[in-house]
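A single structure is presented below for examination.
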C-alpha cells in the first residue's frame, strides 16, 4: 500500500445541539423555576450580561446542556493526550478490527522543533533547515520501515491486534468526540496557549491544532458564550 | 398564596440531538476509520443488526453521542434519587434565589401505599380507602402548616435560604436534565420495573413515573435502539 | 418519639489513604517513568516546591490518588447541594428502608438570617432577636407538625417511602462520602468563602460548615498540599 | 542505549484503603443511618450475605469507598485501551518531559497469534513456529529502526515531544492508576475473559494480563467481595 505523509489535523463538526440560548434557559430555572420560553425576546445585551455573570462567578452547570460531536483525524500521540479528558465521549477506529492505513503525521516547515527552557515552561524555536530535514527524513524512514514490518506480519497471517504493535504513535487515527460546552472550555483552557489567558498553558502544538479548530466551530455555534469565555481570561467555569 | 396539591410528574423533551443513525456512525468508525456518510442508504435490517450486536456485546460508547435535554417537574424526594445519577447534567430551581411556590405532591388513589416483604424485594398493595384518606389528609395538613411557617419567616425578613428549611420533600421542584442515550439506559434499567428486565429493580413509584416519560420520549427519537434495549432484557450496555 | 432540635453538622474522617507523598510519586512518574521510592529522603523544601508548581500550573491529576472517606450528618438541604458534586461517592441513609429519626436542624443564634444585596453577591446580617425567635419558633412548629403526620401515616400502615414526603428538608440525614484531594479542592473552592480566595464564592452557611470540617481534616493529612492550595488563592487545579 | 525486548506487564499494588468491611459500613448507613462500628463482630456469613445481596441487586455505590493505587508498566497499545476507562485516575510518564527508554514488548511463544472468526467473537490459535519467528523478527527490526531514528533526532537537538512520534505503540510506558472496587469490577468484566462470566468479553490478551494481576491483588484485599463478584457471573454492580 502506498504511504501517505502529511501534516495538520482534520476536525469536522458532525452535529450539535448548542446555542447561547441553552445557557439562558438553564440558568433561569434557578430564579424562575419554570420552563423559559421567551429567550427570543431578550435583548442581546441581557443575554450577554447573564452569560458573563455565570462565567465570572463560575456557575459551570448551565454550560453543560450544549453538546457537539466532532469527527477528528489526528496522530495517535494527540489521541493519547486527548483521551486524558474524561468528560467526553469517544469512538475511535480500531487496530483490532481493521487494517490501519499507512497515513503518518510529519512536522511541516512551520513546526517549531527546538525546545528551550525547563519543564512546564518551555518555549520553542523553529530550528534550522538541517534540523527540519533530519526530522522529516527520520519520520519517513521510521514509518516506512514500520509499515513494511506490519504488512509482513499481516501477510503471514498474524492477527491485526498483534501486528499493529510496530506502528508508530505518529500514525493517524480517526474518532468521533462528543463533548459539552463546559468540557470544551476546560479543553481549550488547557490545550490552547493564548496571550489573553489568565492561567498559562503549554500544550503540545499538535493537540493545539485540534483545539484551534474546535474553538472555531464552537465560537460559531455559541458566539456570546465564546466571547464571555475569552473576556474571562479563558478560565473554564 | 394559594396552595396547590397534585399528583404526577411533568417531563417535557426540550431539545435533542439523538437518532439511531448516531449509533451507526460511531460504531462504524471502529471498522472503517472514516467519517461514514451513507447511513441513509442502509437497510433498516442492517442498522438493527448492528445496534443489537452492540447492545448484546456491551459496547456502550457508541450510545453516548445521542443527547437529550428534558424539563422535569417532580417532588424533591424524586430529585434526591435522580441526582444520584452522576452521568447527567442538571440545573434546578433554587430556594436560595427565589421564593418556592406552594405546589405539593400528594399520592393519588392509584398509588399503592402498603409495602409487603423485606428490603430490596418489596411488593406493594393499594391499601384501604381509609389509608388513602389518612395519607391525603396528612400530606395536606403538613404542607399547609409548613408553608405557613415559610411565609411567616419570609414576612419577617428572614432569608429564603433559611426559611425554606421547613418545606417538605414532597414540594415540587423543576430542573433541566441533559443525558445521553447510554445514561438513559442506565437510568431506565434501575428506575423502571419491567417484567421483561433481565435484572429486577425496585424503584420508588414516583421516580418511575419520570422514567416512563423519559422512555416514551427516547423511544420516539431512537426506536431501533430502544427496541434493542428491551430485547436485550433492559441491560444497559 | 421525642424530637431533637440542634444546629451544626457532624463530620468524621472514617478512613483515608492520603498524604503529600502521594502527590510526589504521581507527579514524578512523568519525568522519571519509574516507581519512585525515595520520597522519604526528599527535603521538605523540594516536596513543597514541586507541589506548589503543580498547583500553580494546574496539573490536577497527581492530586487524585489521595482519597478520604467521611461520615457526615447534615440537614437534607445541605445534601441536596453536596450531591451536585458528581466527583464523589455517596451512601446515604434511606427513607425507604428505615423510619427516619426526628432530628432537625434549626439555625442557632450565630446564624446570620438577613440577606442583603442581589443574587450571586449576597451579604448577610445577623438579624434581630425577634427575627431569630420567629425562625426558631417556625422551625420547631413546622417540624413537630410534620413528624406527627409522618408517625400517623406509619401507624396506619402506610409505607415509609410514601410517609416521608411530609418531612422537611431541615431533617438531618447521614451519609458516607468518599472523595479524592482534587475533588476536595474543587469542593472547598466553591463551598467555602475565604478572604484569600482568588475567585469569590457565596456558599450557604450550612454547607460551608461541612467544608470547614473537611478542610480541617484534609489539612492534617496533607499539610503541604493544603498550604499550596491556600497560597494559590484556593484555585482548584 | 541498549534495547530491551520483553513480554508481560508489571503491576504493583502501591497502596490501598480497601476492605470488605468498607462495603458493610457503606451499605448499612441506608438502613441504620448511623456510623456503624461493630463490623468486627459480624459473622463472616452475615458479611458475605449482605455483600452477595448488594452484588445481585446491583447496588453499586457501597463498593466505591474501597480504593487502590497501582503502578503499572505496559505497552502503549495497552494504555490506549486502559485509558478509555474514565472512572480511574492516571499519571503516566511523559514523552514530552523525558527521553523514553528503549524497552519494547514482543509477544512471547505463548501468545496466540492467529485470529479466527469475525469481529466481536474472535478466537485465537497459537500459530506456527514460523509465524512466531516472523513476528519476533518484525518487532525487533521495527523497534530497533525506530529507536535509531528517535536517537538521531534527539542528537540533532529536536524536541523530545516531536522525536517520540516515530516510537511504536509497543513501547513500554509506566503509570500510576487509582480506582475503586466498583470501577475494578467494571474493568474486570470487560477486560478479562472468564468461562464463568455471565456476559462474554473479548479483551486483547495484553490488557487481560493487566486485568489478571489487578484481580489477584484485589481478591487479596477484598476476598468476600471478590467471591461475590465471581459468583454473580462477573457482572459489575
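For clarity, chains are labelled A, B, C and D in written order, and residue numbers in each chain start from 1.
Assume contacts are C-beta pairs under 8 Å (C-beta built on N, C-alpha and C of every residue); 3 or more make two chains touch, one makes a residue touch a chain.
Computed from a prediction, not measured in an experiment: that's the story for all the values here.
K.L.:
Chain B and chain C share one sequence, so how far apart are they rotationally when you fit their Cα atoms? Give it in degrees, rounded to a multiple of 5.
P.N.:
180
K.L.:
Can you tell me which pair among A-C, A-B or B-C shares over half of its residue-numbered contact pairs with C-D?
P.N.:
The chain pair with the recurring interface is A-B.
K.L.:
Looking only at C-beta pairs that count as contacts, which pair of chains has more of them, A-B or A-D?
P.N.:
A-D
K.L.:
Measuring centre to centre with CA averages, how many angstrom lie between chain A and chain D?
P.N.:
One centre to the other, that is 26 Å.
K.L.:
Using mean CA coordinates as chain centres, what's the gap between chain B and chain D in Å?
P.N.:
Averaging C-alpha atoms per chain gives centres 34 Å apart.
K.L.:
Express in whole angstrom the distance between the two chain centres, defined as the mean CA positions of chain A and chain B.
P.N.:
That pair's centroid distance is 33 Å.
K.L.:
For chain A, what residues touch not just one other chain but two or more?
P.N.:
31, 61, 84, 90, 97, 119
K.L.:
Which category does the touching pattern between chains fall into here: line, ring, star, complete, or other?
P.N.:
complete
K.L.:
Considering the complex alone, what residue numbers of chain D touch chain B?
P.N.:
Interface residues on chain D, with respect to chain B: 31, 53, 57-58, 61, 84, 119-120, 190, 199-201.
K.L.:
Would you pull the chain C residues touching chain D in the complex into a rising list?
P.N.:
Contact set of chain C toward chain D: 12, 14-17, 22, 25-27, 29-35, 61-62, 64-65, 67, 69, 71, 89-94, 97-98, 100-101, 173-176, 178, 180.
K.L.:
Considering the complex alone, what residue numbers of chain D touch chain A?
P.N.:
75-77, 79-80, 83-84, 86, 90, 95-97, 105, 107, 111, 113-115, 119, 122, 124, 127, 130-131, 134-135, 138-139, 141-143, 145-146, 149-150, 152-153, 156-170, 204
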